[in-house]
Each structure stands twice: as C-alpha cells, then as structure tokens.
Amino acid sequence: MSIAANPAGGIVSREIFSSETLFAKELERVFAPSWAFVGHTSQLANDGDYVLSRVGQESVIVVREKGGAINVLLNSCRHRGMPVCRYDDGNASVFTCSYHGWSYDLGGGLTGVPKFNEGYRGGLDRAQWGLIKARTEIFYGSIWASFDPSAPSLEDYLGDMTLYLRDLLQGPDGEDDGYEVIGGIVKWKMPSNWKFGAENFSGDHSHYPTHLSVNRLNISLSGKAERHPFAAVKAPFKFLNIAHPGGHTVRANLYEALTPYESMWAAVPEVDAYYKEAHEARQKRLGDKARLYSRGGIVFPNMHYNTGGRTTIGIWIPVSAHETEVWRWLFVPRNAPQIVKDTLRHFYMRYAGPGGMTEQDDMENWSAAQRGTTGTWSRRHPFNYQLSPDDAHRAWPEPWLGKDVMVVAGVSEHNQRSFYTRWNELMSA
Amino acid sequence: MSVDTQAAGLAQLLLQREVEAFYTNEVELLDDRRFTEWLDLFADDARYWMPIARNVAFDRPEHEYTRERADANWFDEGKDDLTKRVQQIVGGDHWAEEPRSRTIHAVTNVNIVKAGEGELTVHSRIIVSQHRQDDDINHFVGKRIDLLRRGATLQVAHRTIYLNQSVLLAKGLTTFF
Amino acid sequence: MSIAANPAGGIVSREIFSSETLFAKELERVFAPSWAFVGHTSQLANDGDYVLSRVGQESVIVVREKGGAINVLLNSCRHRGMPVCRYDDGNASVFTCSYHGWSYDLGGGLTGVPKFNEGYRGGLDRAQWGLIKARTEIFYGSIWASFDPSAPSLEDYLGDMTLYLRDLLQGPDGEDDGYEVIGGIVKWKMPSNWKFGAENFSGDHSHYPTHLSVNRLNISLSGKAERHPFAAVKAPFKFLNIAHPGGHTVRANLYEALTPYESMWAAVPEVDAYYKEAHEARQKRLGDKARLYSRGGIVFPNMHYNTGGRTTIGIWIPVSAHETEVWRWLFVPRNAPQIVKDTLRHFYMRYAGPGGMTEQDDMENWSAAQRGTTGTWSRRHPFNYQLSPDDAHRAWPEPWLGKDVMVVAGVSEHNQRSFYTRWNELMSA
Amino acid sequence: MSVDTQAAGLAQLLLQREVEAFYTNEVELLDDRRFTEWLDLFADDARYWMPIARNVAFDRPEHEYTRERADANWFDEGKDDLTKRVQQIVGGDHWAEEPRSRTIHAVTNVNIVKAGEGELTVHSRIIVSQHRQDDDINHFVGKRIDLLRRGATLQVAHRTIYLNQSVLLAKGLTTFF
Amino acid sequence: MSIAANPAGGIVSREIFSSETLFAKELERVFAPSWAFVGHTSQLANDGDYVLSRVGQESVIVVREKGGAINVLLNSCRHRGMPVCRYDDGNASVFTCSYHGWSYDLGGGLTGVPKFNEGYRGGLDRAQWGLIKARTEIFYGSIWASFDPSAPSLEDYLGDMTLYLRDLLQGPDGEDDGYEVIGGIVKWKMPSNWKFGAENFSGDHSHYPTHLSVNRLNISLSGKAERHPFAAVKAPFKFLNIAHPGGHTVRANLYEALTPYESMWAAVPEVDAYYKEAHEARQKRLGDKARLYSRGGIVFPNMHYNTGGRTTIGIWIPVSAHETEVWRWLFVPRNAPQIVKDTLRHFYMRYAGPGGMTEQDDMENWSAAQRGTTGTWSRRHPFNYQLSPDDAHRAWPEPWLGKDVMVVAGVSEHNQRSFYTRWNELMSA
Amino acid sequence: MSVDTQAAGLAQLLLQREVEAFYTNEVELLDDRRFTEWLDLFADDARYWMPIARNVAFDRPEHEYTRERADANWFDEGKDDLTKRVQQIVGGDHWAEEPRSRTIHAVTNVNIVKAGEGELTVHSRIIVSQHRQDDDINHFVGKRIDLLRRGATLQVAHRTIYLNQSVLLAKGLTTFF
C-alpha cells in the first residue's frame, strides 16, 4: 500500500496533510524511530545547566551533568506523569516533582522517594522507575536524541548527511564547531501541517512568487537587489538538490572553482571584511571542498536549517495534522567580532520567523494551502511535484558529495520527491 | 487652590492629554492603514524592541525576557526596518497582509513616569485585535514603555513592547504595536 | 439499515445531528452528489467579474468569462492546493497562485507554469492540471454548480421544484428573472448542525413560541400585528406543505380565488402602491396560477429561501456536526422604485440573520437543541416529527403544483419528514 | 501660559472629559441593562449603522465595507428600530437574550476629530465581552465614529461601528455597540 | 482484557487519561449505570423550587413538586431536544419549551402540546413522550438520581458507604441531616481528566509537596501551623484508607478513644466554642462510633466530598478526556450560629476551588500531569500506585466500619488502587 | 467661563486624573509583580468581593450574583487574606504561579459616581490577560465598583468585581482584579 500515492513520480495525496489518523501513525512510524535535534552544547556552559527541548511532541530536559556529559531525559515523572522540570531553562542539581516529591538526579535516576522505606517497603525498584533516558549523541556541538533502542547510531542515521551537517556547524572560516547559539529560542505556532515546512526547507526553489515583496525591497545586506546575501556572488556555480536515501536533503551551490571573495555584505563593511577573511581561511582549510556552499536542508524528518547568513536550526513540532509548533535556534560564528554577530542576529530577525518579512509569506501560503487538503472534492486530486523529473545522478558531480546521494542540478522538486518517498516507505511498511 | 497650584495642575493635565492624544492619533493611523504618516511619529534614530518571553523560576525574573541588542527578539530594529515593513505591506504583494488585516488597536493606562527636559518616559497597555480573511485572527495584549522626545511634536525615540506569550500564537507579526 | 430511524413515521434519531462520523458521511453521500446554489447573475455585471462562493465546504470561484459565460472553479491550485483567488470578489483576467506562480484562465485552464519548458520538459500535461471545473447551470438568474459528473441535469435534479424556483425568481409582478442581489453577502457561524436550519426552512410551522417577542412587537410593516406582511391578507387560502421526492420542500399559501390586492405594507404607502400594482400585473401575467403565494422552502440539501417581503436565498455550509456557516443573498425586485428596495433591505436586516430580531431566536433554539443530541441518555430518545401524519395528497389540490409532489394542508411536519426521508435514502444506501 | 491659553486649554480638557464621561455613562447603562435610559442618549432622528466587512484587494479599500442605506449591513437603522430591540429584550420572551447576557463594554481612545458649532465628530474604540448561560460567549472589538449633537446634553445623531470580522463569529448580535 | 493495566498491583496505563475512545466508553460503562449526586433538599425550600444539575454530562432539572416530592428530569424536550429549563434555579409550576411550546408538569408529564387534537389527531401518546425521569432517592437530605433501570437501589449501590455518607450529612453534633447548602454552586472548568480529581479525593495522602506554600502559611484557623484545622488535634488515631468494593472510598481518622475536644478553631473563639459543644453532643449521640472522624472520600464514580471544616460535596463532570467541569456545593451546619456559618464559608473559599489557595496547586499539578498522558514515548510507561501495597484488612479495625470494606492504615495508595480496580472491572467487562 | 466655573472644572478634572492615576499605578504594580506595594493600596479594613454569577430569569435580576458575606463567592475576604495570597505567590512554591504568570491589566471607563467627604465611589472596567507557561492562558473582563478612601493618598476600602462568567473558565484565580 502506498499512502502518499506516487511520490517518486511526483504525485502526492492531499490526505497526508489533513488526516488525523495518518498524523497519529506518523508519530509512531516517522517520528518515533528517528533521531531528533534537541540543542547545542553552547546552551549548556556549566554543569547543571539545563534547557527544555522536544523530541517529536515530547518535552525533554537537555541537561549537562557533573563532568560535562549531556543527558536527554523525558520530562515526565514516572509516578504520575507530572513534568519534573517546569522552566524553559536554568541550573539544577536535582529535579524534584511538585506533585508528590519524587526526585531525580541529572542522569534521570530516581534518587528520592518520600516514604521509600516505610511506604513502599522494598516493593519499589528505583532502578526501574527513573526518568526515561534517551540515547544521546553530540555531533560537532549539536545535540541529538532518540528514544528508540532499535534506531541505528546517529552516524549511520545521518549517512552522507554527516558531511553537510558538519559543514553547517563549521564557522565561515571552515573551523569545526565554529558556531554558538544566541539567547532566546524563537517559538511559535502555525496552522499548517509540519510537512509544508519540511518540504519547503528540503528545497522548494520554485516558490519565488511567495517572496515578490522582499525581493522588491532588497532586504539582503549585499547592497544589491534580492533577499539573499549570496545572490550577490557572480562566480559560476551549479545549484544542487542533494537527496539522501534516509530522507535528508540539502540545497547547495557548488562553485566551479575556488574563487576570490565577492562582496556579500557591502551594507556593513566590517561584516564584509570578516567574511572575506573567513572565505580565504575556509579555502585554505578545506581546499577543493570549499567550493561547496550550503544554503539549507533538512535532517529527516523534522530538523531543518538554513545557512548563508541566516544560520539557524529549527524543528517542526507536530501538534496535529493541522497545527505545528516551530522552534528556531539562532547561530552566530563563535569567534566573530560583535558587529558580525549583531548583524547576523538582526538579519535573521527581519528575515525569518513570525516577525520575518520573508517567512511571513511562506507561512501565509502554507496555512492557506493547508485548507486545500480537506475538501470533499479537492482532496481527490493529488499534489504535483513533477518539476525536473528523472535526471538524478548518484554521487555527482563530485564523488565526495556522498556515495549514496542522488543529485539534481537546477530548480527541481527532486528533494521533495525524495522526502515523500522516504516518508512513504516508513508509513506504508 | 492657589493660582499657582491651579496652573501646575492644569499643566500636568495638558501634558497627560497631549500624550494620550498622541497615542490615540497613533492607533487611528495604524487602523486606518496610514502607515507612512505613522512612520512620521518615530524619530529617525528610533528603536523598536519586542523581546521574547521565557518561563523562568521566580528567582530569575531578570532572565524572563530576552535582551535588546544581544538576544533573539521578536523585533529589535530601527526606523529603516519599520520603513521597509511598511513598504512591504503597501505593495499588494505581501501575501501575509494581502488581503490586508483589519486591525483595532486600543491604548490604555497611559502613565507618564518621567517627564524630563526633552524627553518623557511613558508606560501604557496596548490591546490589538487583528482579523484577516474569514478566520485568520490574532489577539495581542502588551505592556509598552516608550521614550518620547519632545520637539515641535512628540516622537517615539524608543519603544519596548512586552507580550505575555512565550510561544507566539500567531504565524505572523504583520501589524505594529 | 436506516440511519435516521423512521423519518417517514416521524421518528428521527438524535445521533444524526451530533455524530462526526455521520457528518463525514453526509459530505460524501448528501452533499457531493447534489447541485449547489452559488450565486446570481446580477453579482457578475461585467466580464471578468468574480465572487467566491461555496459548494458544500469547498471554496469555489464563480466567474464570468469573456463573452458572458459563467464558470464555477474549485479554488485550489492543482500544484499544492493554495487558493488561487484570495478576495471575496473582484475582477480578473487570470488567477495567479501566490505560492509558485501557476496561473489559470477564467475557464480554469492552466495557462502559465514557471519553468514549463526547461523544468517540466514536456512531462506536465497542462490540460490535465487545470482548476477543477464544476458543471454549471443558470436557472432564471440563479447560478448552480455540481462537481459530480454522475449527477442528473439541474432540471432533472429539481423536478417539479423548477416551478417554485422560477416563481421565487419572478418579480412581484410575475416577470421572470425579476430580482437582483444587493451588495454584501451576509455570512456568519452558528453552533448547531446544518439540518436544524434546513428543517426549519423546509417548514416548521409549529415553532411560533420561538417568536413570541417579535409577534408581540409587530415588526411587519403591514401596520397590523404579527411579524409577516402577508399575515395582513384576509382572503381565504390553504396553507400547503409541498414535498418533492428529491427532498426539496415548499411552504406556500394557495388562495381560493384571484382576489384584489390587500394592503401588506401600510407603513410605507409607496411600497404598498408598488405591491398593489405588482399584484395586479402578476395576476394578469400568470392567470389562475397567481393564486400561489410562496413563503419559503429549500432545494435539497442546503439551499434555503424565504419570500414574502424577505426574498433571500441562503446556504447552510456544513462545518462540523456541531457548527454551520450561513450565507445569505438579499434580493430586491430589479425594477422596483428605490424606496421599495430600501424598505425590503431594511425589513430583511431587522428580521433575519444575526442582527435579525426573528432569526436570533431561531438560532438560540437550534443551538440549545443541538446540546440535546449528544447526551448519554438523551440521545437514546429520538426526535418527534409526527405532527399531522398520514394525510399527504399527490399533485394536490391543483395538478399544476407538480405531478410528483406530496402535499399536506395546514400546520404539519410533513415537509420535515420528507426531508429526512430523502436524507435517509442517501445515507442508508 | 497666559490666562487665555490656560482658559483655552481648560476648555479643551473639559470638552474631552465631557465626551469621555458621556461614553462611560453609556457603557454603564448598557451593562446595567438600563436600556430605556440608553435610548435617551440617541437623538430621535439618530442612525445606527454597522457595515459588513469584505476581504478585498489592497487597491480596492473603498469596497471593504458595505455601504450605508444601499447594501446589506449588520445594522442600518433608526431609533425606532433600536427601541423595538429594547422592547424585545425587556419582555422576557426574547430567547436569544433570556436568560440575559452579562455584558461588559469598554470605550477607549476617544478622539474628538471635529468640534463644530452644534456637533462633534468623535472616534473611539469599543471592546465588548458578552456571556450568556455557561458557554455562549462573544468578544467584539470595534472602531466607532459618532456624530454627537450638543444640546442640553450630548446625544448621538449618527453612529458607525466597524467590526473586524467578515464572517460574523456570533449567532446573534443581541447587544448594542 | 484489562484496560487499566494492573490497578490492583499499582500499575495503571496512562492511556485511560487521554484516549477519547476510552472516554466515550466511560460514559456508557462507568457513568451510565451509576447513581449521581444531584443536590440537597435544602436547595428546594418550597414546592415548585427547582435547580439545574448534572447526571454525567446530562443537564437535569431537580424539582420539588406539589406535596414535596423531588423529581429529577432530563432537561431535554422530547420533541426536538431543546432544554425546557434554561435557568440555573427558580420556581415553576410547568416547564414550557421555547421552541414549539410543548409543556411538561413537574413530574415530567407532557401536559401541553399545541395542536394536540387537530394536529396529532390521536397519534401522539403523551404518556410516552414525557421528559425522561430518573429514579430518584433522598438520603439524609442528599438527592441522588440514576437513569439506569437496571441499577441496584441507592442503598445497595452505596453498600457500607451508607455509614460514611450518613456521617458526612450529620451535623458536627452528630444529628442526622444536620447540614444545609449555602447559596451559589461553585462551578468551573479544568484542563485535566476527571479521574485526576477522583483519585485525589479518594485518598492521595502523599501529595503534600503540592501544598508546601499553604502549609508554610498556616491557612487553617487552628492558630497552629498546617492547613487543616484537625491537624491541631493531638489525640492518637489511626489514619484509615477505607475502600468499598463498589469503588467508593473514604479517608478517615479513627481515634483510639473518645477524648475531650481539642481546640481546632482557636482563631475564632465562638467557632471553637461551637465545635466543642458539638463534639460533646456527638460523643453522647454516637457513643463509641464518634471515634470516627471522616476527612473526605468519594462515591463512585464522580461524587467527591471533604469534611473537617470544608464540608463540601462536588462532582467531576466529564467533558472530554482532557477537560472536566467541577461543581461544588458548600455545606454549613444547619443549626449553628451565623458566625460559624460565615467562618466555614470563608474558610472554604480561601481553601478550595479556583479561588482556593490549596486547590489551585492541586489543579496545576493535575493539568500538567494530564500532558504526560499523551506523548508517543511517555504513554508507554504506566503510572505507579504502589505505595503501601498488600496490607489491606477486611472490616478492620472495627467491624462496624463495614463488612465489605478493605482498610489500610497510614499513608497509602490503597484507595486509588481500589478506585481503578472498580473502574477497570466496569470498563473491561 | 467665570473664574469660579474654571476652578470647579479644574478641580473636577484633577480629581478624575487622580483616580485614573491611582488605577494606572495599581495595574503597573500588579503587572510588575510588586505585590507588597500593591497591598499598600488597600486600607487595613478593606474588603475584596467577587461574587459568582447565575443564569436567572429576566424578572429575578437581584438573584443573578451571589451575596457578599452570605453566599459562596469567588472572593469575599479582607486584607489579611490578600496578604496571605501575596505571601503564597512570592515564595516560589505556589505551583499554580510557578513559573509566574505574565499578566497585563487594563482599567478603563473610570467613573466617579459619588464624591463624598472622605470617600469616593468609583466604577470601572478591568481587562485582564494572563499567560503562564506556553499555553495556560486566561482572559477576564470585569466590572468593578470601588469605595476609595481619601487620606494622604487614596486607598481601596471596598472592592467589588463582577465577572461575566458563570462557570469559571479558569482552573485558578491566581491574579488580582
């Protein structure tokens, strides 16, 4: 059975965006067996620092225990389900439940139970009743969690995507783990299915009519028209849609050659100077691979990111078939001058999220399109993803792009087809 | 009352009225979509800041809202940015505002907490009701702190808006506060 | 299986008003195969004029193309479902999607696809990806649409109801297509099942306790007590409940003879004069059939209308089992003096809709009764529609009332029984 | 301030206060259900108009609201109609208001935009919260334009109420605005 | 099949708090066959007095007919479901429906039908179409109703619980039917499953971390620390968890001996004096059984009560799996001086309900815990009710506590296990 | 205007301003969580009363709200009770307010209906928006009647708050009105 119709052929049923039955199944089949991005090590500077995050719909505590190890714990008391942590962030040595007082250490261990001896009289095996602890892995500063014991390792889960994720987390100068998160996770709700967001970040390059207004206004800081700073670069490149068999996708420019820096931030000379220097350092550090300039992508199913002056990681939190909560972490280069950090921060705020001049129009369209998924007649007609079909190359145009990736150059709905194909595999099994 | 007391009382009342009239005029400009005139109410070097709220423990109130010019915020910008936002709306191609919102802004409890030589610090509450299409509806309620500069007319030199929401319950902040 | 219990016997299950499962089935079985009223030609004066309307829950564009033909198009882009028209009304030569820019002509044809050649490379058959176009028919100015290719023709769907619909659309002077719609479709939501509205308009003549207050206040303009202008007429008549096998129903007075005009609008002499003249012209034009004075009715399932000084057509838009959106088009005689148009407009606004002194109390009762459909115990006890049973006559008292109509004279729940019998046929098949 | 300036300032403040007090009195009458006294606030020839909103393109703002005395409106009527509505409510047999609503009306941002000889043009915002039974709840927010006539007391000669909603989210408009 | 996992063993599935499917089943299996508390005779002083109440989700009219008999009628017109009574309370001789005017006498009999003769022509048997009347029983002033004809008598339904219910309704001086309800039923909604409330009142003695703040503030009027007046009593007692096979539960102190009054209301000397006198009168009246001092409990499934200076009866009205409406009747000793009544009234208002400093924190925890019942991962881990297992004694420590009760002394989750065991029996049958 | 009329008018305006400023100050204290200072606005013998609404027939309006010092009410208490409530919140262990609410209170339509020697009777509307965590949200709208005592400063001697809701749509009344 194919739930999503024929995604490889560019035909996707509308029902997958509106059926609450399929939504419930998605949580089990698509979200539960996956790895989730839950934060970044720069959020946890000191032992005891914690921050709440989400794995699928679940609230989790991401906490740094004594010695620096990071744990991801299900934020639900084993006694009667109460969230044991009720603050967005803070520093703690123990989490004590406000309902009946069970308390847990930073590894989730149930260390305190009122009336443990005289009440439970040996009948409560505390080792069995600790907070549910996720498998946790750190990848170049990014923190990942999975509650599924049968999921592959994070590295296997990512596959060739490790290249792009590492690249994302490298500073503009190509140094590993070169970013830090600024204060304040941006969180909001939108009235559309999470997959509208996912497919957009996976690579919806034909949606420029959405952004007529910001293109008209030149919101980039390149001093030139368009909304992207990198649009100012004139060096020849191939625009690549890079799809991974695990459902991850990447949008990237592959420049034909290593070329000198071209101004992308002319509006703020200090920033332009920083990027020039970084550009050169990166070429030195990465060599030929510095030709790769990522623009954004997703780690299947719901982590999404942008680069190119808007370095952010986000998650689409599935609330219902018709509602999604969005969280965004804003990244700035760890070692950049303050003016670079400020400029990027400001650029992001004006670009993305509910206050962002660009993404406001994306979300308007996603939420309006959402209504087209429920009607008696309209839902009988599938969506179309047939742009640029049948031309994917494996491990192309450079083998180092990944041995399993399937790549299409130019504007295409290839990445979206791949995303729904992977989704369909999991759902139709 | 002595004549002097009267004069002082009257002056205080007139100042209060002036500021209330300023805000009433402002909400009328916004709700009538006279955005260009609305921009004129801001000084050229004005800042417009709306932080993000976090849920924090009782003993960390200073951490409740993100910081201006440092953290992620809903808005943290200048008049040039506000101008771009206005230019975006009036073009007819900013889909999140096309068709346009119908908004109603109400300002209450105007409190001149400091009346300096050339500047006033004014607190107020703002209630915003926004409707688009048939069912795209937002309600915002905010606490505002303004620095008003006194010249020929009043102008906003700095505006802070505190919303109550931590997770924003709107897909777009396409109105002004 | 009989889902509605025994509607012909006046026994109707409460569950049909509250079950979301049955509601979903209604959309498929009752709404999908029907014809829907979507508007009136007077709303589309010029080529390119369009207005949004609804077919069942679906948003549709009713548009007049070059040359005057009227099309009804599903307002959902075939690419990714976005509504291609986002304004309640206007004038257009093309509908361009704000998401990725596909554009459609006024016949729904997909005329513009960005990257059509270099992107789709012949793989997209535009003829297959136009907007979904409804079958559209015009009946004396009223516009009807159906998306069901196997539905009968509108005329067959209406059957004998054509007589009454034509009558509704005749001016007070009996001239065909004698009405025009005034500006502003009245739209609101109410917290009750759509069938409470449908059964009311089909003929709920025993609900006068609902309207004690307006009867007390004499809101008619007859200068006499009561809320209906026609209540002032003293000529003898039979009150008829006329039910059609297709589920349509009519409430009408059949006067015993052609009698001179009796004043119904004494409060506004000019209006009274107009109606006197129209009364006489109508008798001349229609002869004996002018004895028929319609008061209201429904075209199955959800079009409803009133006459008698409140000439309006409305639709109950099914939102959920517990919520309904209502739209009303207000009609005035096309050729009447302005004062007649103004008086009727004012009379309607004070009578019907959320601002109407009469219908406010109807909706209060419908929404309160709605709660009686969900309770553990109350829903085990069916509703009663047994008023005036077993006395319907076919094609009576005049054969020209329709060869298939079943008619009961006097206050009765006959029309409601017929409505639910038809509903039950479709649902229980 | 000169004595004259003072007098002018004071007169302006007193006028503002008079109008604000008029509206405050009005909402108290409504919320206390003193409807007959409320009717007295309207001139005998008063008009009460609430148009219907449409969702239209940015370049057709004049088409956004239906027209007075021409199109369908939520209300477009005179004092006789308002009087009938009041008579309907007080009888105890108007089921949509039986049991009665508990309402709270708030008026803010009173703006005297024109003070003519015998008439004032006044803009304001109105916030209405209506509760009936346990869960029949409506919230309305509106922009109001009044023509107030000055006689022994102020009276409403013409009232316009703009609601934001296009599809009305209420089954009955049984309160006044 | 065991829907609740293993409640007797202290393991309860989280799904029973969040599944809407189970919720619908609860209404049929748990609520429908039970007896419901609907009010108190002191609310109906005169013939014709009525008050609206609830049986499960259903609205019912509790009315005193001529001669004093009390009826409980389903508040839903048999014609089309309209509530025939639309006021919270009042005095009536007939209930006339506002929709079509059917009218019912205070026994529910359908006495008035417009057009009864000429319309229904003998086809409507009024005896079959009266308001649905519940079985009604009065127990020491409390009014109970059941719509289930196969339910046992109230006395059999209560079993040994009659002792505790009678005790609850005895004045502080031990006189039967010694309480009256004060004006104003307290009603509110809370975003959690009704069973969080039920299990709390059934006996959640380990939830004191919930009430740290009020314990700190000494909100009791004993003049001593703690929030309960009875906490000031130093006489030795056993704290008993008393569970009935029908699912009812009681929390009570059983003092070791009849001891003199110890001050519990020192803050208000007149109240203290009243209680002292009552204490002595009660010992005289009840003898050895006066050693029993109830603190609260539940009558299965959703009636709950507190004593000890907060004498209240409440019901959890199931709205959905995630929402509950709560009603509370406040009782004061019928014959006490006004200052006692005032003090108790004030004590309650500051203690319980949405304005109550104590219950605010209960409800905060219940509604937060509710969220722990839905997550993909968290709902796979059952709740734990294993506190003080395996130590229940039948009819212990005094046989007069009830021949079928199973009792545990001390802090325990015994009552909760019993509650869910009974629930599970009904649901899993 | 005569000088006397002017003086009377000015005095009236100053009183109105004084009362409005009192309320504006009050809502700022509440929203800034300066609860101890807020308590200072109440006289030591102050009463704070919020009755419960019932749905009753049109001819029993006197039965619509429960009675002070007689029936069940949402609040019917004194300053000592309010003080305990404040002490509860500030401790960090009152879970229903931990993390704390973010509130915005707005007061409008301040109406001095009686200005006696030492006391003022003042009506007003209060709009309260309360957010906690991500989605624990309450909106309250109320009608308020205050008895204000005039001393060195104004103080609330008696406060009545009428909410519209009969079944309260909140699990906790943890803010002040």
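We call the chains A, B, C, D, E and F, going by the order they appear; numbering starts again at 1 in every chain.
The working rule: contacts are C-beta pairs under 8 Å (C-beta built on N, C-alpha and C of every residue); 3 or more make two chains touch, one makes a residue touch a chain.
The shown structure was predicted, so the numbers you read here are calculated from the model rather than taken from an experiment.
Identification of common neighbours of subunit A and subunit F yields B, E. Note on connectivity: the fewest chain-to-chain touch steps from subunit C to subunit F number 2. By the residue-number overlap criterion, the interface of subunit B with subunit F counts as different, with under half of its numbers used by both chains.
For subunit F, the chain whose average C-alpha position is most distant is C. Remark: subunit C and subunit E have CA centroids separated by 49 Å (rounded to whole angstrom). Among the residues of subunit C, those touching two or more other chains are numbered 86-87, 98, 187, 210, 361, 364-365. For subunit D, the set of residues that touch two or more other chains comprises 10, 13, 55-57, 91, 95, 98-99, 108, 127, 133-134, 166-167.
Pairwise, the chains that touch each other are A-B, A-C, A-E, A-F, B-C, B-D, B-F, C-D, C-E, D-E, D-F, E-F. Per the touch definition, subunit C reaches subunit E in the complex via residues 14, 17, 204, 206-210, 361, 364-365, 368-378, 381, 383-384, 386-390, 410-412. By the touch rule above, subunit B contacts subunit D in their complex via residues 7, 10-11, 13-14, 17, 21, 23-25, 27-28, 31, 33, 90-92, 98-100, 102-108, 127, 129-135. Those residues of subunit F that touch subunit D in the complex are listed here as 1, 6, 9-10, 12-13, 16, 53, 55-59, 61, 64, 108-111, 123, 125, 127, 141-143, 162, 164-167. Interface of subunit F with subunit E (complex): residues 50-52, 54-57, 60, 63, 66-67, 69-77, 81, 84-85, 87-88, 91, 93-96, 136, 166-174. Of all residues in subunit F, only 95, 98-99, 133-134 touch subunit A in the complex they form.
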